[in-house]
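Two complexes, one shared chain (subunit A), two partners (subunit B, subunit C).
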Partner chain A sequence: MDEDKRENIEALFHPKTVAVIGATSERKFGRITFENLLKNRGGIQVIPVNPKAKEILGVKCYPSVKNIPGEVDLAVVIVPAKAVLQVVRECVEKKVKTVILISGGFSEAGPEGRKLEEQVVEAVRGSKTRILGPNTLGVFIPRNAVNTTFFPEERFVKPKDGSIAFISQSGASAIAFMEAATFYEVGFSAFVGLGNEADLTETDFIEYFAEDPNTEVICLYLEKISDGHRFLEVCRKTSLKKPIVVLKAGRTGRGARAALSHTGSLAGFDRVADGAFKQCGIVRAMDETELLDYAVALGFQKPLRSSRIAILTFGGGAGVIATDLIEASQHLEMAELPEEVKEKLRGIVVPFASVNNPVDTTGNVTDEQVDRVLEVLYGTREVDGILAIIGLQIIYMGVELADLLAKWAKRGGKPMVVIGLGMGLTLQVVRRLMNLGVPAYPTVRRGVNALEALSQRGKYLKRLEKVGMEDSRRD
Partner chain B sequence: MAWKILGEIKGRKNVPENLVKDLLRAYNIKTPEYRVISDVGDLENLDLPFPLALKLCSDRVLHKTDVGGVALNIQSLEELKEKLQEFNRRFPGEKFLVETMEAPGVELIVGLLDDSTFGLSIMVGLGGVFAEAFEDVTFRVIPIAREDAEEMLSELRGKRVLEGFRGIKVNKEEIVDLLLKVSKLGEETADHIKIETMDLNPVFAREKDTVVVDAKLVLKT
Partner chain C sequence: MDEDKRENIEALFHPKTVAVIGATSERKFGRITFENLLKNRGGIQVIPVNPKAKEILGVKCYPSVKNIPGEVDLAVVIVPAKAVLQVVRECVEKKVKTVILISGGFSEAGPEGRKLEEQVVEAVRGSKTRILGPNTLGVFIPRNAVNTTFFPEERFVKPKDGSIAFISQSGASAIAFMEAATFYEVGFSAFVGLGNEADLTETDFIEYFAEDPNTEVICLYLEKISDGHRFLEVCRKTSLKKPIVVLKAGRTGRGARAALSHTGSLAGFDRVADGAFKQCGIVRAMDETELLDYAVALGFQKPLRSSRIAILTFGGGAGVIATDLIEASQHLEMAELPEEVKEKLRGIVVPFASVNNPVDTTGNVTDEQVDRVLEVLYGTREVDGILAIIGLQIIYMGVELADLLAKWAKRGGKPMVVIGLGMGLTLQVVRRLMNLGVPAYPTVRRGVNALEALSQRGKYLKRLEKVGMEDSRRD
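On to the complex of A and B.
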């Protein structure tokens, strides 16, 4: 990507000096953002800017960003909309690399706000200063605790460091999705709220995270795509390296041209986006649960090269439900276990266990037996991926089951997804698995859907190997 | 050849069907044989074999079936004259397309649409006249590769109809070729005309070939 733009984005996530313009000691957003930034763990200098204060929370305050001695990489702006233009002009003068406009009251608020937004963009034109926002929460980076949001410490349960970069056109919702996912130990490399995207857009960030060593998978919540052609081109290139998952909402807001043609009326429900996403390897999610579920699966596991799944379960029902879902899936099928494999399995499990697929060991099984069953399944050529369904309501197994499953998921050479049904010990195993880098889900459907995402990604990569490598090299 | 046709098409909004089909034929896309006529005087040297279809060919009426502007399975010159005179009365000053009736096949819809986000996109679906009821369609942004076209067909819920269902024979390769030709048409003409939307509906997919029976093209103005 463009080197200047890379530096602009770098300044958002790893700044050296941050000016908080509109910082205040009153209990307002300007104070919370300032406090949040002060708690960073990146050794980042945080300087308040407010013409009405000498110091804020014990930190020396400057009347303007221009008065701050030395370089400022990042300015976080929380002032009323009408004051933003002047502030941005001063940031340009100060050669601030990137400005986050937290302030609202721009294009989202009507024609006058739109005009103001255009003036703000005009103010940075020709300079090296770029803008994130306006009307955004900004960024949150778990690794160095850079946090420009105005969510107070005690209200925002922060996700841990991880490998998912989350780019969102709705900041508050994305933060809520992330917070909910912390229950299952989902970690993030970065969160970016795009706001009104007056300057930097979703595509700029996809391009950045494609090269970010801390990011394994890029996930996006989108309602609109500003430059469809560039978006597709960047996603196509990025998909070669990293998976992209998109939740594109607002699917039903169409149909204006319905009367003109049958094709036009059939394009509703975002069907063109469906096709476009497939062409550039994007895995599409339909709700926020799928979005993070797929991101976890794709971030933790290799794609499914083929789609034959073996189920390992300790109790019948869930295995049957999973079988139904797999058989009904366009992307998955149940593996046929050869006779000699079944014979090997019979030698491991109790006589009344089932060695067909699903392999149902029954609850009467030890860790050691599970280990040997997995060894057989991982050694079976006719199996491409493993779905392990666990519930620790039985007496024999312990939390160590997580380590056992993780061992095979890491070394076995075939992707594994775990479904953990239950709350007590099972939940502990699920969380431990997630911390060990094994995708684990609390319902059968979510586990099977995660396998589908791995299969979609695998099919796309296989197709690229067949035809697309030349195309992508030509780009 | 495509160049000359584009010259005639350019500047219009609703393109008359004969010109749309001329354009399709320039891309080796099969259509019925057709002639443009105005009144019975034009029937004297008509060199098309019966049965024939008579269709309103107007740049004012977009959905000709809705206004009763289509007569199918006309068996004789007498019948054709009669129908034409009736059409002349109902649609004064308009031109008509007379064309050969095609042997039926599995009915498909193929389309192009200028998507506001992604640009010109191609659609294929099952159903012909039922396409909007089934909603069994899939899109791709053009240009598409052969693999895209194949993938599109494999995504249709009713794909079995194209795979020998109940002895119905369809040449899938021909459908793939049609999609590639339509994609090429959309891509190559983009410098000359701005396509808003194109409907090829129905397309008959048959044992040996596919044929575009009805075609509609709307340009941006």
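On to the complex of A and C.
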């Protein structure tokens, strides 16, 4: 990507000095954002800017960004819309690399706001200063705790550091989605709220995360696509290296109308999007759960090159439900276990267990038996991926089951997804698996859907190889 | 239902005296079941039976059930399969009302087991003794803590008392499903593991729960249907009074094969089942999450007589996702708010909020504004049901939001479903709502699906009324 733009985005995520323009000591957004930024763990200097204050929360305050001595990488702006233009001009003079405009009251608010937004963009034209927003929460980076949102510390349960970059056209909802994911230890490399995208767009960030070493998978909540052609081209290139998952909302007529009210976007035709997404290797999610679930699976496990799944389950019922969902899925199928494999399994499990696929060990099973069953399944050519369905309401196992499953999942060769049914010990295993980098989900459907995502990506990459081979044969 | 059979089932759920045949002080299933039963809160006498012990865990032990002085309502049998026939004969002699055969090794284990099972059934024929099982976990009743399962106390996080009766052909999986539901405060009136259904079947229990005052909704996990004709007839009658939700697993070819390995059942053709289920007013679930989610919604809220949904959301993105799911659903549609309703809403919310449907208040909203918005929506004829999407990462609200939402949900007239996105405070609101009897879910899809279930049941009941009216006109 463009080297200047990379620097602009670096300044967003890893600034050295941040000016908070509109910081205040009153209980307002300007105070919360300032407080949140002060809590960064990156050794980042945070400086309040407010002509009406000498100091805020004990930090020396400047009347304008121009008065701050030394360089300022990032300015976070929380002032009324009508004051924004002047502030942005001062940022350009100060050679601030990037400006986050938290303020609303722009194109989302009507024709006058739209005009104001155009003037603001005009103000940075020709300079090296770029804008994120307006009307955005800005960014949240778990690694260094750079947090420009105005969510009070005690209210936003923050996710941990991880490898998912989350780019979103919705702010509050995306924060809520991330918060929900904290329960299962989902980690993020970055969150970016795009706001009105007057300047920097989703495609700029995809380009950046494509080369970001902390990011394994890129996921996006979108209602509109700012520049369809460039977006698809960048996705096509990026998805060769890193998986991209997109939740494109506003796909129905009424959904598109709702999106229009929300982000002022005119959603395109859904079927066109669907085809184009597929061609560019984008994995499509239909709701927020799928979006983050798919990102976890694709971030943690290799794609499924073929789609024959073997199920290991401690409970018969869950195995049957999973079998139904796999059979009804678009990409997956149940592996047929050869007779000699079943024979081997029969030698491991209790007599009343089932050694067909699903391999139903029943609850009467030990760690050692699970280990041996997995050894057989991992050694079976007719199996491409493993779905392990666990529940620790039974007698023999402890949290160490996570390490055992992770050993096999990490060995590679066959992707593994775990479904952990229950709370208590089972939840402990699920969380430990997630911390060990094994995708683990709390319901049968979510686990099967995650395998679908792995298969979808695998098929895309395989098709590309074939296309590549054919091309080379033609040479 | 048959009065004798009702007494048999009463003895399962509300016994006065329970004999645990095969109780032991060793660390085995026989000990755990005995310990679990000792912890009952129903003042129930629990007596161990084991010819090799004088007392077990401090309780006087008898060599045979026949030696116990006084009446025995319920016998819980955990002895090897080959000893079961003799034990059952003794239970018949002792006039035990109901026998739970936990023991496995019967029809699920092959032709010899099948023969043994037939002999056991033969042994109770002509008597008033009935059998649950064999090969079952038995029952778990949160209200009086009658628990015949062999899940150790510290491993099975138990659900609270509630109004859902859960009948299951799978034992371990169903226990795991219930445990998962404890996180969201889902309550159960009873759990019954059917096992091999040598005697008592799912239909007997549906008949019982149809008249059980503690049960508002009946949900079933089934792989086979023991007596299709009677099952459908009982469901048809019951569903006029109480909702029935069925997860019929083994609906695909491979799923049916898996079910055959699991419960020895030959699953019927799925499309036939689907049509028959609909005609009998059964709401069908496709996975375990839907099963319990639908039960919660149908247990807590009235059915949707018509299907126009108004969304109240604090976040635009979640509103758009919900709109897409509603529009793509089979039964639901988005309500069109009349201009004068929008005008009223505009007078309540902040200027940058959206008053179309979804009504997106943005995070900048107070309890009082939520109250007034709901007042308007509840007063709008063009709205049949309410979907409230909340997330408390914002500033102004506390857990009392639950009480406010519950006030409107309980007022009736329009069913309400809540989606709570996030952890922390949001989860507290979700849990409080569930305790107040308002269905609340953690993801957009689960909330929308719950509304679907309410609509499906509403349409069924409405159709019946029309049929009834036509019939009476013909008279």
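Here is the rule we use: the second predicted complex is superposed on the first by the 449 of 475 C-alpha atoms of A that agree within 3 Å, B and C clash if a C-alpha of one lies under 4 Å from a C-alpha of the other, contacts with A are read in each partner's own complex, and residues count from 1 in each chain.
Here is the rule we use: a residue touches a chain if its C-beta (ideal position, glycine included) is under 8 Å from a C-beta of that chain, and two chains touch if they have at least 3 such contacts.
Since this is a predicted model, take the numbers as computed values, not measurements.
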item	value
First (subunit B), second (subunit C), both or neither touched by A:Leu392	second
Subunit B versus subunit C as contact partner of A:Arg463, first or second or both or neither	first
Which superposed partner A:Ser173 touches (first subunit B, second subunit C, both, neither)	second
Subunit B versus subunit C as contact partner of A:Ser25, first or second or both or neither	neither
Partner chain in contact with A:Ile321 - subunit B first, subunit C second, else both or neither	second
In the superposition, subunit B vs subunit C on subunit A residues touched	C
First, second, both or neither for A:Leu232, with subunit B first and subunit C second	first
Touched partner set for A:Asn435, first subunit B, second subunit C, both or neither	neither
Partner chain(s) touched by A:Asn144 [first = subunit B, second = subunit C, both, neither]	neither
Which of subunit B and subunit C A:Asp274 touches, first, second, both or neither	first
Footprint overlap on subunit A, where subunit B in one structure and subunit C in the other make contact	257, 261-263
Footprint of subunit A on subunit C - complex, ascending	32, 104-105, 108-109, 151-152, 155-157, 168-177, 179-180, 182-183, 221, 223, 247, 249-255, 257-259, 261-263, 286-289, 314-321, 323-328, 334, 351-352, 354, 356-358, 360, 362-363, 391-395, 421-426, 442-445
List of subunit A residues in touch with subunit B within their complex	224-225, 228-229, 232, 257, 260-267, 271-276, 278-279, 463, 466-467, 471
Contacting residues of subunit B [partner subunit A, same complex]	62, 109, 111-113, 115, 117-119, 121, 123, 125, 131-132, 135, 137-141, 144-145, 147-148, 151-152, 196-199, 201, 216, 218
